[in-house]
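Presented below are the structures under discussion, each in the form of structure tokens.
Consider the two complexes below, in which chain A is the common component and chain B and chain C are the respective partners.
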Partner chain A sequence: MSIASTANPPRVGAAVEPAAHEDRTAFSFLLVAGLFFVVSGLVAIIIAAKLQMPTLLGNVSWLTYGRLRPIHTNGMLFGWLLAADMGLCYYLVPRLCGVKLWSEKLGLATLALWIVIILGAVVTLAMGMNQGLEYAELPLWLDVLVTLAWVMFGVNIFGTIATRKYTQMYVSLWYIMAAILWTAFVYIVGNFGTLFTSGVNQANLNWFYVHNAVGLIFTPLGLALGYYYIPKAAETPLYSHRLSMIGFWSLAFVYVWTGAHHMLHGPISQWLQTVAILFSVMLMIPVWTLVWNFLATMKGQWHQLQDNVPIKFLMAGTVFYLLTCFQGPMHSLRTVNAIVSKTDWIVGHAHMAVLGAFSFFAVAGAYYSVPRMLGTRLHSQKMANASFWLWLIGGLSFFVSLWIGGFLQGLQWNDPSIPFIDTVKFMAPFWTVRLLGGTLMFVGILLFFWNLLMTYTGRHERPAVS
Partner chain B sequence: MLKKVDKSSALFVVAAVVFFWIGGLLTTVAPPMLDKSWAKPAPALKDYATLAKEGDAHAAQVMEGRAIYVAEGCWYCHTQQTRTIEADTIRSGWRDVPSPVSTPDEFVYDQPHMFGTRRVGPDLSRVGGKYDAQWHATHFRDPRSLVPGSAMPPFPWIANDPQKLDALIAYIQSLGRSKDWRPEHDYEE
Partner chain C sequence: MDYSYPSVFWMYSLMGLFVTGALFFLWRAIRSGAVANDEAPKYRMLDDDLPADHPAESRR
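Coming up: the complex of A and B.
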């Protein structure tokens, strides 16, 4: 396995004079994302509590579970994670290209539009303006604005890449470019293609979108961050360029086929279910090559896990990614699916992907990059470390309790002599542990946001040590 | 080949898009063309949207109820699919008669589809006609009064509005009725 030196993130002092980066767009995006993280986290705790206390907050229509749940999911996916990923792209793409961001003005305009979209989403969802499709709840005018914002983001990133000074494109750039293109298609199918279809045909497009929102939006963006920040934060070269190529192109080909695994045993063609299962199992190829690459990069550097906070997040995120992407193919097997599908097991799985894996990568990027954007040091390493342990302990108790509870509930559902309501009451202790775990994670979110805010306000008092 | 893609962003874009669209087209556009059953309605399936436009008052009520079901996010906790799993057919069944599994022809007019992914509450694909209107009215006002331990919240702004309540109940009663499988047509109206 050869290690091409050109395959690493270019270092300052390379042949090309590094550009002076403004990073205004990057930082503003991250700060706004952090704020939405706090809000979506608060909503998360409320709805987790409502499962056991349905009348919590009274009988107000816009505070019921059915109205708050889409605010939580859309808030976490688009308000927090996608905005944070975009912010970090605005930071690392110029650095990987050796030039300034194509346009800071366009970047800030994109952020302004993004804020309008998120606020619009909160108001319309609270009012019950829900299109009835998972992750595609927003009204048409907001879908149009999201598309516009994505084009503005794409123009800025591709504009930067087109004017780059380093000819060879590092892996992170492939993932970011691909994510921009794939997201455009996936979003259009999921939000506009569904307008002209109904029944099973529409459901198939809906699951294509839901699955690929995670697989072809958050996965490539998250992996781009992993590829950039693991070598950077550990100050060590990437293990293998060839493995990253295999990982990328196999992901590009395999991921898109799997949407129908959301309808296993359901009213959709058996052969399409089988195709989805086959490709779901094949997903282990891109996943395992990538995880091998990430872990091998850390060879000889594992001592850094002790006090390097971004590395802690990146390695825990890598393990969560491996686990969540092992669960996925297993869930798609018909026998396993008959037990876990529609239970809380899947909820645990989904949270491990979005929070455990991809949010960990984004948070690592924020802790590493925000001080560098502002020419300062992080406000508090201790607080950052505390947020890691809160998320790890909170997250694990959340995931594991839902897996155990969900699996047992799935077994109970398969015994029709047990009344359904008994299987709901059975979940009470697991839901309690989940709520406690979620509360720990919420404290972690507060510490994260506070740390970013204090790093900004105190930036002049703590100049960066060069 | 891959080495070139590494250095030319134009070549990269073409390759990434082609790789995506092979699976993209074969799993979205191709399936409804290959499996015609997705678009062929079951003989007894009612197209409530069209009936409502033609002035059918009951159909209009069902459509209004469906809109409430969508807006309130009922589908986050209730699926509408009796899967090809024996326990599903028994749970969807009635008086010891297992229900038939859900098939694509029962959902041809569903826009948006309401298959759902999560069962916090029970599946509703065959709930139509199982409980009478009074039961549903009480249940929407206070689910725990009928089902102690239920995770479902009360919906007073629907229960206290006769038009909305009747519409939602009309929709619930319409679910799963395109297959007439119960002994002696044992349905509540």
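Coming up: the complex of A and C.
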């Protein structure tokens, strides 16, 4: 299958000798991310249980809902998912470039700083230090450290890409480079730009940040993983590289404008709301190009769903991505938004994007890459398979219960004759299903982390089969 | 004075800068060959795992 060497010769002046991949940074990032996944998942179970039992742990200030909830969101977004995405970038970028990582030392220093940031976040948020802005709760000094760590990550990745052997770049590299630049822009606006504004302007900037934290940080990184791991795990070429580039550049043009759809029917300009709706609907273009590309790649390979665990995660993640990206444009329409905005529907939607689509891609990447990093085989395929079914069943019951409950909640909110407290009581059974689904997912997280840990500790007992 | 519009315009002018930057990099990428009408990268990436017995030190 390797026609690349003749069709695309090495760049002039590039290193021509094959390079070994150390993967120390990549593996360390993944292991730390897995640990934070467990901790953030445990916090998630506690706060979901508090919706059932509001007095649970209520007498301990640092275990109250208001303190644990930002620990959960920041832990999942930055402790787990972004750290896992970074680890997988350290794995796949050198391979796609045909060279070693620019600097393993810089990568490990970035990891050390990242650990300081996450631990600092847990301590400060538990102490009640909170800037009061969604996803931007961390104190200013931690925001500065995040920016510094991101610059270190960016230097390492761009340094690797600059020394690549081939001129034409695979689509995953485009998504990763864009994610690094977009993250810098989005994070600075959301965490520093908001300090210079107030009122509705601050809310507008904050929603720009919150939406694009998913849209311009986790989406491009997640899609980079999908584009890399689906062909690799299925051992079949991508359906169309040309189509993937159309998807990338169309996403680059339309995603940035969508944040204001979180403020529809709010006190912002109508033209701004309309712009946000228009570009939200236009998101269908990059989403459909991508989903079609992923599904068409699997043509003739669907039998692999029986026993290929990374492919199971990747295909389930693709379906979750399609669903979440159909929901997004639809509830940016004014009429639909009037029902679902601020309800539990949105909570289900956000969880399906981060925990369903992009976490599934990252977990698939970890299951595929970690044994290859260590030159071994996965500790237990059965355990990996069990984690998939726990996540799928738990996730579906979690997401669907919140969609149904949230939609009915929205209809009730639109009826002024229903007292608000009755709409809260109405949600109790849906929150019970959410807790049960979340618990299943948490067991899946434990199995995932244990499997990675055992793969590492038993790596010498199970040499890789070539 | 209404401070709403200056900040909104500021935000969207930043986004305009963003789009301009994307167009610029697209133009540069096409010129340099980093974006090309060629399907070779999707085949090349299938064979990107290198032998495990190479030297293990990094460039830095």
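Annotations for the structure displayed:
As a convention for this text, the second predicted complex is superposed on the first by the 447 of 466 C-alpha atoms of A that agree within 3 Å, B and C clash if a C-alpha of one lies under 4 Å from a C-alpha of the other, contacts with A are read in each partner's own complex, and residues count from 1 in each chain.
The definition used in the following text is that a residue touches a chain if its C-beta (ideal position, glycine included) is under 8 Å from a C-beta of that chain, and two chains touch if they have at least 3 such contacts.
Source: prediction; values computed, not measured.
In this superposed model built on chain A, chain B and chain C take up the same space, so to speak, and clash. Contacts of A:95 after superposition on the shared chain: chain C is touched, whereas chain B is not.
Comparing chain C and chain B on the residues of chain A they touch gives the larger count to B.
Residue contacts after overlaying the shared chain place A:331 against neither chain B nor chain C. In the superposition on chain A, A:51 makes contact with chain B only, not with chain C. In the superposed model, A:312 lies in contact with neither chain B nor chain C.
By the document's definition of touching, of the two partners only chain C reaches A:105; chain B does not.
By the touch criterion defined above, A:237 lies against chain C but remains apart from chain B after alignment on the C-alpha atoms of chain A.
In the superposition on chain A, A:245 contacts both chain B and chain C. Of the two partner chains placed around the shared chain by superposition, chain B is the only one that A:64 touches, whereas chain C remains out of contact. Of the two partner chains placed by the overlay, chain B and chain C both lie in contact with A:204.
Overlap of the chain B and chain C contact sets on chain A: residues 167-169, 185, 189, 197, 200-201, 204-205, 208, 245, 249, 252-253, 256-257, 268-269, 272. Taken in their complex, chain A has these residues touching chain C: 1-5, 7-8, 18-22, 95-96, 98, 100-106, 163, 166-172, 185, 189, 197, 200-201, 204-205, 208, 228, 231-232, 235, 237-238, 240-242, 245, 249, 252-253, 256-257, 268-269, 272, 372, 375. Residues of chain A that touch chain B in their complex: 50-52, 54-55, 59, 61, 64-67, 69-70, 128-134, 158, 161-162, 167-169, 174, 177-178, 181-182, 185, 189, 193-194, 197-206, 208, 216, 245, 249, 252-257, 259-260, 262-263, 265-269, 272, 275-276, 279, 338, 342-343, 346-347, 413-416, 420-421, 424-425.
The residues of chain B lying in touch with chain A in their complex are 2, 6-7, 9, 12-13, 15-17, 19-24, 26-28, 31-32, 34-35, 37-39, 70-77, 79, 81, 83-85, 87-88, 90-91, 101-104, 106-122, 143-144, 147-157.
Those residues of chain C that touch chain A in the shared complex are 3-4, 7-8, 11, 14-15, 18-19, 22, 26, 32-60.
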